[in-house]
Structures are given as structure tokens and as C-alpha cells.
Amino acid sequence: MSEPQKDSNQKFKKITSVFKEWISGNSGVKSTLEELGFSLLSIITAMIVGSLFILIAGESPITAYQALFEGSFGSFDYFLNTLWRSTPLILTGLAVAFSFRAGLFNIGAEGQLIIGGFAAAMVGYVFTDLPTIIHLPVSVLAGMVAGGLWAGIPGLLKAKRGVHEVIVTIMLNHIAISVAIDYGINNFRDGGRQATPYVQETAELFNFNQLGEHSILQHFPPVDIFAAPAINLHLGFIFALIAAVILWYIMWKTTLGYEIRAVGFNSSAAEYGGVNVAKNIILAMVISGAVAGLAGASEALGTHRSFISGMDAGHGFTGIAVALLGRNHPIGVILGGLLFGALAQGGLHMQFAGVPQEIVTIIQALVIFFIASLQMFKIFLVRRKAKGEAK
Amino acid sequence: MEILAELFSLSVIFATLRFATPLILGALGGLISERSGVINIGLEGMMLFGAFAAVYGSGITSNPWMGLILGILAGMLLASIHALVSVKFKADQIISATGINIFATGITVFLLQVLFNTAGTSPRVPRLPAWQIMDFFPFRPITYFALILVPLVWIFLYKTPWGLRIRSIGEHPQAADTLGINVNRWRFICVVISGALAGMAGTHLSIGAGSAFVRDMSAGRGFIALAAMIFGKYNPFGALGAALLFGYSEALALRVDLPFIPDELFRAFPYVVTIIVLAGFIGKATPPKAIGKPYNKSGD
Amino acid sequence: GPADEDENGEEEATEPEDETLQVGIVLSTGGLGDQSFNDAAYRGLEWAEEDFDIEFTHIEPEDVAEDAQSLRQFAERGYDLIFGVGFQMADSLETVAQEYPDIKFGHVDEDFGEDIPDNVESLNFAEHEGSFLAGALAAKVSESGTIGYVGGEDFGLIHRFEGGFVQGAQYIDEDIEIISDYAASFEDSGRGREIALSFIDRGADVIYHAAGGSGMGVIEAAEESGIYAIGVDSNQNWVAPGHVITSMLKQVDNAVYETVERVIDGTYEGGLNREFGLEDDGVSLSSLTEIDVEEEEAVELESIDEEDLEVIKEMKKEITAPHKERIEELEQKIIDEEIEVEDWMFLDERPDY
Amino acid sequence: MKVQYFLHGEFSFSINESLEEIVEKITTLLEMRNITKVFPGVKANDNVNLKIRKGEIHALVGENGAGKSTLMNILYGLYDPDEGDIFYKGEKVRLADPIKAIKLGIGMVHQHFMLVEPLTVAENIVLGNEPLNNNIFINKKLAVKEVQEISDKYGLRVDPNKKIENTSVGMQQRVEIIKILYRGAELLIFDEPTAVLTPQEVVELFDIFNALRDQGKTIIFITHKLGEVREITDRLTVLRRGQTVGTVDTESVTEEDVARMMVGRDVLLRVEKNESKPNDEVLKLENLTTKDHRGVPVVNDVSLSVRSGEIVGIAGVEGNGQSEVIEMITGLQKVDGGKIYFKNKDITNESPKKIKEFKIGHIPEDRRKRGLVLDFDLAENMILGYHHKEPFSKNMRMNYDKIYSYADDMIDKYDVRTPGYHVTADSLSGGNQQKVIIAREFSHEPELLIASQPTRGVDIGAIEFIHQQIVNQRNAGKAVLVVSADLNEVMSLSDRIAVIYDGEIVAIVNSNEVDEFELGALMTGSTPDKEDAK
């Protein structure tokens, strides 16, 4: 603190090291830009191909994309709602990415999200006399714990029994639906909604459009811009960002992260290095599941104020794509989540322009294909460059 | 006693086979792809797209056999995308297959709207005829195909040179490469075959057993097929056994009321059983060694 | 918010013109093609478009999180009348309606109770009453003494169908065997078919479904096993000619049409929960004796041919016509409140049967 | 003028070529001319020239990363050269893929075996060229028969029906050889075939080489062991940093000459060490036993002690239990019977983490599998096993500043050839990977150092360095336990040698009291009393 110069230098170092780590080649900012460029290029390519489908549907791609962009970034409200839509995607993306780093494929984020959402909503509903300061954290934690335990099952089986985690997580996705939706909602709902009862106000995640109502904040003029009822953004988004930072910190700054990555890359070497492989596999799955559970809690307590059937909306699977788009790095995952969130948010506006909403789904898939395939193009370019340099 | 009789009644056995049909086909498809080293969690999407195309084909030609062909072709088409992205362009196989699944949900509903002007259930179309064999077995053709394919796939994998090559490619692609076997071409072919089988499974859902396309009608069967494949230890007969077990528990669940277990939870029974069996008795299903890794010849 | 309504409105290509009534409808997830209330509500607007000076736009939210946004988008774009479909959307609609007191709203399938906002008209249907008749007919038609019910997802509204059906069947025959199960999905026709086949294995010869796309499987199973199915929501008699003895019609189309009509007339009354039952044909069975319009339409659309129509005619004559009087009698009794059909929607514990 | 030459193919001569040139042309089977191959960031081959004569055994030597494997992979059609031409039997050829090479009669036994483990020997051999029944099914019988024939003809003992995963390394190598003979190879390339063999197996391999040469085959032989070059080859070519240093007749040079050519300076070929001064007992194994998954003992009743200030070597043919002994000491494998004492403390079945804390350093036998996380950068690899300790971390927080500066130091001190600590271990050559491990294990000043195959696949320059480091440890009063398949290494490093056979220690001898062949005999179990027992 006494040496601000040095302090900021170190900060800069840290920031650049984040980027460096993001790029596997460790070759610095230049290739980060390249990376972004390629992602952008593949998104553009996907949209060009997507426009073929729009033409098939008999609409104008230009109008459609204008609406898409308008709807996701066209106004402050829309932008905030893009953030809102990306919240569960960032969280499931982080969950999947974290497990990937440990060499595990958590295809069960979907199930963990469901179980987490259900647990959070139940805790949020059942306790009636708790103050917010206790009720909210307890409800959120309930979701994380439930998701974590749910993911702990495949972790445990993998670590102790060598059972492939993919098959177990697929099974658990189906079981989660049975437990939380078929059985859970059926036994706890009141009224005709296919949902658990609304959670108590004390367990609701704070919505940004309530900022103006806050006793202290309402005197700040800028707070007004949040006042629109159309804004759905809630505290869950902040949780997602915090989760990204925490996971990044765990993964790259702690011995736990070091050990998890070692196990992920080479469990024999990790074992040789004194790492308890089984413990780390279980931990990695539990952490991953807890984050997916947080996604469920955030949707249940923030977006729907209850656990509602259809709430998962395939976020767990989209999370796989988000994680891979983001190269399993928290920053990449946030960007990937934002992209898919923007597609979802803007997709609604595209419908108003007469384009079937499935276009959004198709574009999501195309983005995945092109990001993946353009990797090839990049390798080609890099090789060309290397050859040039070597000569 | 009645329950006991029910456990092995003909109707349960028939229902088991009906449930198992798409699972067997999916599992065989997954098996061929994964034996060559390419993970195929895109079976779900290929099934769904196959189901749609079969309805379209049967609808416009009024010939369900054309529907079958189109269903198979559709599965192959999606599989070629998966192969192109993951084998040729060497992208991560899981990301590519995830893309396939997302794409299939989007494209089927999109085409439903463009072609049938509905987003939910297609019109009914001519379905494959029931083939009564010996006045006894009451199945649709694809069920027989699935059963016949099990030994065929087994013979293909274990008795023919192609099978030998495929197995070696999945275990040690460099070894195959050094003997002049074109690893990536074979992988491409295997993925496309798996798409054909998944497409056939989807066809069974839409115009084999049924007669119309309903959005998202694959309803997770592709994933269950994958589970059957792993559960069956990457062996065609093992996959058959696993698919039959899953089918059996589903068939039973619909017919027998078990005491103590709420109905809704009993639906999860096959999945729970699978986990318990995997954890307790069957032990490890060892996947092919080179699975999931794109093959790079000469560092290119 | 409402403040920047103008800004947004101006840029839109679909800016509503002044005279024409602009109607928006947000369908519930599952969307168009569900052969149920989404389709029916949409159809009601199509009719209205033919008869009145209106334009309408529909939106299918990608997931439940989009409901409120979709409604609000219509409001922000200055639509005059906005419909929401499905009980899952009710809370969203209530919120948005309160934000835009000057816009009129309509909602299908949820009773808002006393607190209904002044600018909302809710359209509700006594599915249990219609299902009662379906159950009664099933019991009449069944020769085996075993009938079945297949639901889609397992929740309140769908229990209402089940409840009506069970009560109707038991009214006719106290000892009738009724088997029921839920497909846990509105889209899994494969499971719907297998459930129906398992019923058939257990002797069922009439099966009623309230299972959306999964119900397609039920009808297919009935057709291939040579037993009878009862359709739901829309007229499904033509789907498997000769095997669907009737359909429990839920006239969402009429109701929606009439709401538009009232807005055009200026007789629209907000703050009202409308109930449509047997009395006003809000729910009913399709004709047990005559060919219905929808069945004729199906021929025009070439979904079925004349021969199929003959089969339907024949079936009606042989199978359902003999029970017409009894069913009509029951209908009257319900209308006269001589028979009280219990609504199972809010039951915590469904009775054993 | 065109001449049909009886050995191979057609040659064209111009009238003004000298006789020498013509003879050269006729006897040359293969010529690689100005070959250049670039990998991202590396010029693996830089204008390399190589001429191979018909019927010779030609050694290709050079340090790790000199470009030997790359050159051979180009010849076998696996890599496409960026520049340069290949002439085979006088004709310019383009080797687009292995099929082309195989058709021409070129076969290669790769450094890492190219065998599919769950398949049988015969299946591996016929893979890609399967004999058929009805044009559809593999004719297994014929396959086995053909394999048997080749096996008989060249004296290559294999069991055609055994699965590869159940065969010894030596047999796997013979399978590789049969694989290429089955395809009618004339020119056989061997990339470091002896690295994994026992002395006896090497002798066998060389017999095979001779038999092949007698049958008119030509052999290119890559090795790091100059004794082997001396023993079996006719000529040798040296590569250094991707370039050809030269080709010479083996007889005309000494090992020192070759070593100098390879590294560009003088090299110490023998380990220099003085008399050992052993002190207290540091490690004591008492009746150590472990069983495999079938319950068969793999290590049986092994007792051994290592004192401070001495190097004890374990000699043995691979697969006789030495790996398990090491893994039991280091906590990586469960001990089923017996005790392990470290400085009189019972450490039986302690966790690997605990064992590390006792200051027991371990250089594992398989650096790629155990020793390194290949996808980690060097810095992270340098702290593997010590990552939870200060200064690298505190309270679970990693301190990367410290880690990086430590890694820099280690790279300097242990002469790791790398652009920096930020590259992944994967991108280093084998020798340099080994140095990373050595740096890591030595820098924590172990009381007991366990070194398993410390120089396997490592070039002479690096071997010299690694051996010196090990001797330094011993001189500093540390206890050292060395396991090596390389007899030379065991003999020159160790003060005492324990010979292990079939899971049991069959003899413990002073290293200056035995010779290579006595040891070799002990290792294969042919001790007099053993034979009596049978």
C-alpha cells in the first residue's frame, strides 16, 4: 500500500497473467486478441449460415439480426436482461468447466441445477419467520449443498469404484427429474401451477429494479435507471461473477486447484506427487455440482421465486457448450455465457420480427460448430507462421 | 403370485423389446463410433432428426420405407457434421456432439413449422407395417432389424478386417496409421454408421412404433442408449443385454404397482438400478484407450 | 418501462396503426401445434381476424423465464389486447397487466380470484365437467369393464381431467376398473403409447388422454390394438378414424374469439373471471351422432379421405349414438347442478379408485 | 547408358562418371537429400543428408532432439518433408504415407511400440493386410500360420495367439519386427529398440539383426548406446541439432570420437567416483511382499538395506518386481507383508505425501506417466509433490512469484534446455524432461534418493550430467537406491548391487566384484543353486 506504483504494477502483472493462463500457449496478449478474433469470426460465420435458415423461413436476415441485436443490447434494460439471461448459463458453464479441469465430464449439471433449484425453493418456502439476512443465504446454500451432494455421487463412484462419471451423471439427470419435478412438485405444490409454492420474501434474490426502493440508495439519481419493472436482472448475476472469481482463484491460486488440475491432466503423476486423487475427484465434482446448484438456486429464488417445471430449460447442456467456448476458463465462460444469454434475450425480439425462435437454437449450434472448426483454421495459420519464422 | 406371473408374462416381454428397440440401435451406433475412438453423445440429436426426416419422407411419398431411408440418411447427415467437426477439424468431440444435440432440437421444430406449419405434432403419416412372424411375434420391422443387427455388428467388429481396424484405431491410432490404415477416414465412416443406426432408432420412434413426429420425442433415449452401451461394456451383446434390462424395468414399471415406492419415484428405478449395478457388481467398463482424442497424423 | 414506450415504438417496423385492433398472444411453452389450448387460442384469433378489423402476432417463449418479458414486449409496442395462455403464465400476466392499466388483457386457464386486475379477463373451462361425460361414455362403451386414463405431465390442471373422467365412469358403473398413469411429458408419444399398451394388456378397451403430444401415442396404440381412445381439447376424432369415439372439446377458440369481439364492441369487461362449462358449450363432447365440422375440414385438408369419414360415421352410428341420450341426460343434470362434479385440481390427495 | 543391375532396379549412368561414383550409385539403397522439416518453432531436420547401402547395418546417432526420429518418420511416410528428395533404389520417390513406404519395402519399428494391447500378436501383425476367408472374414488360422512361418525363418520367437498386453517387452519387439517382415520389408528402421531391453534380449536382438543382414536386409538402427553401435553396425551417421555431422565407418572411429561428434565436445563416458564410505542404515526392507490383483505375489520376501553414503543398485530384467519394490517404498503401492523402515522408523503403507515429508526423493521409472504432468508448465512441474509446502504455498495459497523464481534457478542449475519455465513439459525432449525431475527431487535434499531408470532414453550428454548428480548425492552422505535396466549403468553407479529375479532378491554383490555377464546370468535366474532347485 505504501508503494502504489509497485502495487499497480503487480495488478497489471496479475491481469496479464490471467490472460496468459487463458491462452494455453502462454504467448501473451497478442494471441488473446487472436483468440477473440477467431471467436468473433466464428460467430459471424454462424450468423451468415443462420441467415440461410431465416431466408428459408421467408424473412429478411437483416431485419432479424437487427432485432436480435436491438433486443439484447439495444437499450439499457435489454442489456441488463441479457445479463439476466446469461446468469444460469455462466453458472452451469463454470460448473462444467471446473469439472473439465479435473479431467471429469460433468454432463449432469442439468440434474444438479434441478436438485439445487428444488432445495433452494423448498428452504425458501418452508421457513417463514427468518430474517432475510439468514433466510436468503441459507436458501442459496441449500441449493449449493444439494447440487454439490448430487454431483458428489458420481464423484464418489468414480473415485472409489472407477465408475465412469458420464453414465452416472446421465442417470442422475433423469433421477433428478423424478425426484424434484415428478415427486417433489407433486407433493408440495399449492394451486395449479406446476411449481413449488412461492418462496418467502425473505428468501427472494434482490432484483435490480428494486434498487430505487432502497432507503439509502434511492437518493442517488443514477439508481433511477434501474427502476423499470421490465428489468429482471437479480442478485444471481452478481453471484455468478463472484463464483467465477472464486473458481478462478481456487483453480489457479490455491494448492487445491493445483492438485485438481494435476489429477485432471495425469492422475498417476498427481498420486506420485502426494496428491490424494480420490479426494480431489470427489471435491472437484462437489464444487462443480455446488455451482450448478447455485444456478438452480439463482433461477428459483431470483427469476421464478419458486421451483417451476421447465425451469432448467436445458441450461445444463448449454453450459457444456459455454464451458468449451470459454476454453474452460472463468473469463471465457463469462463471455460465452453472455453470448448465449444475448442470443436468448434477443431471440424474443427476433420473434417479433416474424422469425421462428428456433433460429436462435440453430445459431447456438452453428456457433459451436464454427468455433470448434475454426480452431483448425487457426492451427493452419499458426503453422504457416511458424514455418515462416523457422526459415 | 399374480405379480410373479406378470414379471415374466408375454406382454411384459413384448413391451421390453419395444422399449429396447431404439436403445439397442442407439447403443450399437454409439458402440461403433466409440470403438473407433469418437465419443458420440450426439446420438440423441441424430435420433430426433432421424425421427423427423422419417415422418417427412413417409409423408411426401406415402411410403414408410422411403421414410425409413430418409430417417437413416438424416441420422447420417447429422453424423457427418459431427465427424467433419470432430474428426476432420479435430474439435473436441463432446463439444461437437453437444452442438449436434442442440442443432437437432432447433432444426426439427424449425422444419416442422416450415414444412408442416405446426410446432408441436406433425400430421400422421403412413407407418411401417407390423410384421407378424409365425403368427406370434408382433413387432414392427425395426425391432427385428435391431435384433438382427446385434450379431451382425458383433461379427463385423470381431470377425472382419474392418472390425479389427476399427478396434485398433480406437485403441492405438498411431499403430494403425503406421500400417497404412487411414485413421480419420475410418473414424468418419464409423461416426456416419452410428448416425445411420441412430437415425433408424429415431425412425422407429416416429413411424415404426408411432405414426407422427412430436417435438423432442426422443426424450433422452439417445443418452440411455449411451448408458446401455457403456453398461454393456462396449460389446454388442452386452449392449443388447443392457438395453433389454432398461426396457424390462420400464415395461414392468408400467404394469406392476410396487408397494412402498411412490409411483413418480419408481419411474427412476432403471436409472437407480443402473447406478447400483455399476457401482457394486459390474465394475469397470473400460473405454477404448484413444477415445475422445482427435488423431493428428504427423503433427498436422 | 412505460416511459420509453414511445421511443421503442417508433423504431419498430410493426408499429401498430391506429384503427386496426392490435392483438398479441403469448403461447405457453410447447407452443403452436400442441393440438390443445395453444392451437385453439390461435384459431380463435384467426377467426377474429377474418371477421373483424384486427391484426395479431403470436410469440412462443423459449422457456418459462420469458413469459413476462414477452407480455411486456407486446405492451411496450402498444398492442391493444394481449392474451396469455396457460396457468404457468398467470402470475406474469397479472404483474404486467398492473404495469399497463390502459391495455386490455385476456388469459386462458387460470382463475385469478377476487384480486383480478381491472384490465384482465380470464377465461376458464370446466374440464372436469366435460371429462365427466367422457368418463361416462367410456364406461358405457367399455365391454371389458376396464378403462384407462393417460395424463401428460402430472399436475393440478391435468388432475382435473382425471377427476372428471373417474367420477363420470363411476357414476355409470361403481365397480368399473379404471387405470391411470402419467407420461411425465407432453412430448413423449413413445411413452404415451407404451402406457396405453400396458393398459390394454390389463384389459382396458377405452382410454382417455389429456397428454398433448404424448396422447398421439395413446391414439396410435388404440388404433393398432383395435380399441377406443377419447381425444382431448380439440376434435381428434379424425386422427385415427373409427378409433377415437369422441373428443372432450375445450372451446378456447370460441372464448378467445368472443373476448376480441367484446373489445371491438366496447363491451369488454375487465376484472372478470369467466367460467365456461357445459352450459355455454365452453366444454363439451364432440358429436356422438353427426359428423363435426372439424372432421369435414380434415377431409378438405386431405388429412383423411372420404372413406375415413365413412368409417367415422359408421363408428358413431354403431358405438356412440346409442349412448347419446344417456350422456345428454347427464349433461343436463350437471347443468342443473343435480350432479356435482368435484374438481381435483387442488386436491392434495387424489382418492383411490 | 542404362544398366539393369541385379541388386535393385535400373540405373542410368552418364559416360563421364567415375567408377567410384558408379559403384556408389549401385550400392546405395537409399538416399535422403537435403531434407528439411519444420515443426512450430523447431527446425527438426535442417538440410539433412543420409545414404544407406544395401545390406548394411547403419547407425543413426545423436543427442535427444537431434532429429533422428523425425528423419525416419519422413522416410516411413509419416511426415511430409518441407524440402528435400528421397531416392530409393536410384529412383526418386514421394512417400506420401506409410502404405507407399511399405510397398517399396521400407518398414519401421518405432521408439514407442505401435501395438494394440487388447489384440493378439497375430492380429497386430496382420492388421491392415489381413488374410481373408470368402473375401469378408479374417482367416485367423492362415494369419497364425504365416506369423509362425516368419517367426521360424528368422528365429523370432512369438506366441501368435497371446494378447499383446500379456507379453513381455522383448516379445513385443519381436512382434514389431515380424510386423514389418510380414509386409516384405527390405529396409528395416529401428528407433531406439534397445532402450527397453535386457542385455540378454539385446544379444538376441543383435542375433536377429545379423540373421536379417544375412538374408539381404538393410537396417537403420537408432541408439544412444555407443557400445551397441560399435558391436553391431557397419557405418554410422551422426546428427546434431537437426543437421548431419557426417557418416563414417564404425571401425574407423572410437566411441569418444562419436560422442564428440554428437555433442560437439569431449564427453566423460565412465562415471567417476571414489570408494564409498557408508554410514548409518537409512532404508531397511524386511520381508517385503505384495500381491497382484489375482493374489499372486509379485514381490516376495524382499529384504534389503541402504546406508547413507552408498549407492545400492537393483539389477533385474524388467517385470521382475523391481518397480513394485520402489512403489511400495514410496507409498504408491500397498504392502501386503513385511516392513519398511526409514531411519528405524516404520513407514510401511504410509501415504506418498508422508513419504515425501520424510525426505525421500524419487525419480520414477516412467517420467511421462508418473514423473510429470505433461500439460503443466515447467514451473508447476518443478514443485509437484512440494506444492503444499513453503515457500511455494502457504495456507493453501500458491505463491507463484516464488515458484517462478525457483523454477528459473533450477533451469539454470540443472541445465534444462528450454525457452523458459512457462512452456509445458510436453514440449521438452526426453532428456530435458528427466532433468526437470532430477532438479525437483535433488533440490529438496533428500536423505534417501530412489532413482528408477534415471537415464532411460536420455542422450549421452545428459546421462553424464545425471550420473554425476547422483554420485554427488552419495558423496554428500545421502543414501541412494538405483534401479536400472541398463546393466552398464547399474554397474558403474552402484557400490553394491542386489539382483532381483521373479520377485525375489537372488543375490547381493559388491559392484567391483562382478562382471556384466555374471550379473546377466543372475538376472535371468540361471544361478547354479536355482537350477539345482528345479
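Every chain is named by a letter (A, B, C and D) in the order it is written, and numbering of its residues begins at 1.
The definition used in the following text is that contacts are C-beta pairs under 8 Å (C-beta built on N, C-alpha and C of every residue); 3 or more make two chains touch, one makes a residue touch a chain.
In this text, all values refer to a predicted model and were calculated from it rather than measured experimentally.
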Most remote chain, CA-based centroid, reference being chain A: D
Centre distance in Å when chain A and chain B are each reduced to the mean of their C-alpha atoms: 29
Distance from chain D to chain C - Cα centre to Cα centre, in angstrom: 75
Centre-of-Cα separation between chain C and chain A, whole angstrom: 37
Chain A residues counted as touching two or more neighbouring chains: 182, 186, 360-361, 383
Multi-partner residues of chain D (each touching 2 or more other chains): 39
Two or more partner chains touched - positions in chain C: 60, 154, 184
Set of all touching chain pairs, with the criterion as stated earlier: A-B, A-C, A-D, B-C, B-D
Chain A - residues contacting chain D, complex: 17, 20, 26, 252-259, 261-262, 265-266, 268-276, 382-383, 386-387, 389-391
Complex contacts: residues of chain B adjacent to chain D: 155, 159-161, 164-165, 167-168, 171-172, 174-181, 289, 297-299
Contact footprint of chain C on chain B as seen in their complex: 9, 11, 15, 18-19, 22, 112-113, 116, 118-121, 123-124, 130, 205, 209-212, 214-217, 219, 221, 250-251, 254-255, 263-264, 267
Touching residues (chain side chain A, partner chain C) in the complex: 63, 70, 75, 77, 81, 85, 177, 181-182, 185-186, 189-195, 227-230, 232, 299, 303-304, 308-311, 313, 344, 347-349, 351-353, 357, 360-361
Sites on chain B touched by chain A in the complex: 41, 81, 84-86, 88-92, 94-96, 98-103, 105-107, 109-110, 113-114, 119, 220, 223-224, 226-227, 230-231, 262, 264-265, 267-268, 271-272, 274-275, 278-279, 283-285, 287, 300
